[in-house]
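Scrolling down, you'll hit the structures one after another.
Okay, so chain A shows up in both of these, paired with chain B first and chain C after.
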Partner chain A sequence: MKHLALLRLAVIVLAVAAVEVLCRKGVIDAFTMPAPSKILADLWSMLISGKHNAAIAKTMSNAGVALGISIACGILIAVLVHRLLLVREALDPLFATYYAVPVIAFYPLLIILFGVGDAPKIAIATMLSIIAVIVNTLNGLDRVPRVLLKTARIVRMTHAEAALRVTLPYAMPYVLTGVKFAVAYSLIGIIGSEFIMSSDGIGFEIAFAYNNFDNATMYPLIVLVLIISIGLNLVISIWERSMLGRRGLR
Partner chain B sequence: MTARWRIWRGPILLVAGLLVAWQILFVIAGEMALRSPLQTVVLTVRLLSGPQLWPHIGETMTAFAAAIFFSVTLGLATGLTLGFSRLAGLIFEPMLVAVYSIPKLTLYPILLLTFGLGMSAKVAFGAIHGIIPISLFTINAIRNIRPILIKTGRVLNYSALEMAWRILIPAALPEIFTGIRIGFALTLIGTLLGEMFASQRGLGNLLMRAMGLHNVDLIMVITFILTVVAAVASGLLLAIDRGLRHRMSAQE
Partner chain C sequence: MTDVHVSLRNVSKVFQRHGAGGAVHALGPIDLDLRTGEFFAVVGPSGCGKSTLLELIAGITRPSEGEVAFEGKAIGGRVSDGIGVVFQEDACFPWLDVASNIAVGLRKTSMSREERASRVDAALELMGLRDFRASYPAQLSGGMRQRVCIARTLVMAPRLILLDEPFGALDQQTRLLMGEEVLRVWRETRATIFLITHALDEAAMLADRIGVMSARPGTLIETIETGWPRDRDSRVVERPEFGGITARLWKALRQESLKAIGHPKASP
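Presenting the complex of A and B:
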């Protein structure tokens, strides 16, 4: 297991090194992409100078709000819908096709409804990420063994108690799978709407830098978003795996 | 009769619910923000019977066809390779999962710089959305194949290509198809996003321009067409998917 992680690391290091060489040799010209070492140096000096910290904070706090709403409301909706068979039957085709619909197309509509500002962006990000939480929570709730439900009934738990103390804890790893997707979707929602119509945030700064051929700003910002999303994903995956491990499922 | 009703009950309830919600939203938000369901349908029929939208639809279809071609071929090739070679699978699968989870929309300026504004950029954008889910599902599908089938192939001295074509793909078809179904949806989204940001033609670009001009009619019509097409296409694929799984489980 250990040398596998090493092999993986070696592959990544080799790939980055190859790109670095290609950039330095001029096969990939600096106008298309600066060398990885330069991107990291730019990122470092950008963070130190604090030039774009306001934009980064803006995007991250908006994404955080959308993620929070999605997790809280998503779990609540899933718990409520789980027992309502007819509602479930109507929602299943929605869940199955939801991510085939370009939700971001609703952004102009939401701007008119909520006004220009953070609200329509948060709405788009929430619309994108909440479904991932609902679908995965429902999947987890479906897998709760009946013996646990019976036990809850024997000790006379109310529905709310049973949800909080039995079914949700059991479904937790599946909820976390949903949360992983929700992290990516909330970032996509916020940054995507910043690309389209906004005057601040990482998406706006990336688009602005792109229009000004400012690769020294654009690449570090893109890499920052990638680092944050992969980092969060990794943390949640480790949490998820340790939870499954305690149950002897992995 | 009752069985058929049961299949259609969910979707019918859903469409009815969405129409009611849409109408209520229209009453609350008014003409400035959106059109009512009826107005949208009338507008859509009128625009589709004229020549105005068709060049854009054609452009989007061409881009999507190219993108789905690359998604499926490259996704299958990656999935078959990684699924069949244990070590490569163990090394690369977690990386694919990590790449799957990144917000790919942020990468569009890089694709623009690499491919330039136009067809190839949006095809590439669509394909990177679709390749990874297809390969991930294919990897798992290959791993779940009963070892005896693969042994049979070895005994018959199949080459790698014959092995893939005669044994791996047929045995893993239902699961691979699920991957293709999900890849189809994501490729469509990717192509449209690519058109919105990295193109000057196509429905995505038209939508972007309508947003800039605050042309509510056009926004509603394009969103409506895209939503209906995406929902119907993935509904059909879902039905085929279920059929394949059903047939497979019946054989065992």
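Presenting the complex of A and C:
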């Protein structure tokens, strides 16, 4: 286990080191990509100067709103769909093929519907992430053993109590898997929309820097997005693993 | 000690199947009186509706016909106060530690915190789980998880305990020892126990009376009194009468078991 983690770290370090060497030797010219060490230094000074704090806050708050809607509505929809057998059977194939639809292509339509601003971006991000929550929550709800539901009845829980105290806690690790996907999808949705048509946010700043050959801004922002996304993913994974470990499922 | 605790009058259960197949007559008609404080076991071939019978008494299934009464009051599709159930499958909540698992049923009562804690402590003590109160079910063996489920039932101070093949998933030695624990619980709580099992020796060792069920639709075809003393333990298997009781059970059950597996030697 520990060896594997070390090996993984070594692969990443080696890859970054290789790029560093190629950049310094001039194989990759500075106009294409600055050396990783330079990118990190640029990122550091960018964060300290606070130049892009507004853009970062904008993107994060929009993604946060989309994520919040996806988690709350996604779980609620999953619980309802799970109880309505006919609806479930009708929707299952749609859920399964949902990610074949390039949601981002609806962006112009959403601008017509919601106007220019945060709403269409949040709509795209929510459309992308909510299905991951629904599908994974449904998967968890399907696995709740019948005996636990019978036990809930024996100790005289109401339907609502059984849902909150038995069904959802049982499905929680599966819900978390959905949330993990939803974090990534809501960031993709927001940043992707900012690229296309927007005047603020990290995506806009990356596109703006790209159009102005401003590598000292573009690469640090890309790295920042990576760090945020992977960091959040890591935190949820740790939570998920401790939960599974306690249940003897790891 | 001989008054009627649970009574079933002309009870039948028919399951309505949607689509092809129509209705399935699963059980009955059954007439049965459980005496207050007795240990009653039911044996029957697989698929005879034993578990349905237990669910009818528990109040989680409604009879299609007839009436089930607990302490003189009709059970109408809801679980009555004073009834506890232990199932064959592991019913521990994997996200709760042992103490919280045991306290699950106490949430709704108007009991004080101290009262709850002392009941949980007493149940932990009785089931030999004192050192495991903070453990999670995944850290326990199958037999210990089943003890947690029994303790969860005991904290509610049930007057009637229903056991649905509670040891079916355990190995033979553990089953014998768990049988002793159930006898001890039975003596200390003075509750009525209704046990469903497919193991003839288990029924013969534990019960005061044993009801034998027919193949589906299950009805009671015979009731056998064991005559064991109240302070018995698993060593009743050494007694000469034990073999006789098991043999009588098998004699009553053999034809029904052949029917249940669709054997050609089964008489119609």
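Convention: the second predicted complex is superposed on the first by the 250 of 250 C-alpha atoms of A that agree within 3 Å, B and C clash if a C-alpha of one lies under 4 Å from a C-alpha of the other, contacts with A are read in each partner's own complex, and residues count from 1 in each chain.
Going forward, a residue touches a chain if its C-beta (ideal position, glycine included) is under 8 Å from a C-beta of that chain, and two chains touch if they have at least 3 such contacts.
Being a predicted model, the structure only gives us computed values, none of them experimental.
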Please work out whether A:169 is in contact with chain B alone, chain C alone, both, or neither, and reply first, second, both or neither. second
Quick one: is A:99 in contact with chain B, with chain C, with both, or with neither? Answer first, second, both or neither. first
Looking at A:153, would you say it contacts chain B, chain C, both, or neither? Reply first, second, both or neither. second
Which of the two, chain B or chain C, is in touch with more residues of chain A? B
Is A:89 touching the first partner chain B, the second partner chain C, both, or neither of them? first
Check whether A:36 is in contact with chain B, with chain C, with both or with neither, and answer first, second, both or neither. neither
Once chain A of both complexes is superposed, is A:243 in touch with chain B (first), chain C (second), both, or neither? second
Quick check on my understanding: which residues of chain A belong to both its chain B contact set and its chain C contact set? none
Which bits of chain B are touching chain A when the two form their complex? 9-11, 13-14, 17, 29, 32-34, 90-92, 94-95, 98, 101-110, 112-114, 184-186, 188-189, 192-193, 196-197, 204, 207-208, 210-211, 214, 219, 222-223, 226-227, 230-231, 233-235, 238
Can you name the residues of chain A that touch chain B in the complex? 4, 7-8, 11-12, 31-33, 86, 89-94, 96-97, 99-102, 104-109, 112-113, 180-181, 183-185, 187-188, 191-192, 195-197, 202-203, 206-207, 209-210, 218-219, 222, 225-226, 229-230, 233-234
What does chain A use to touch chain C in their complex? 145-148, 150-151, 153-157, 166, 169-170, 172, 243, 246-249
Complex contact set, residues of chain C against chain A: 58, 60, 78-79, 83-85, 87, 89-91, 93-95, 104-105, 107-108, 136-139, 156
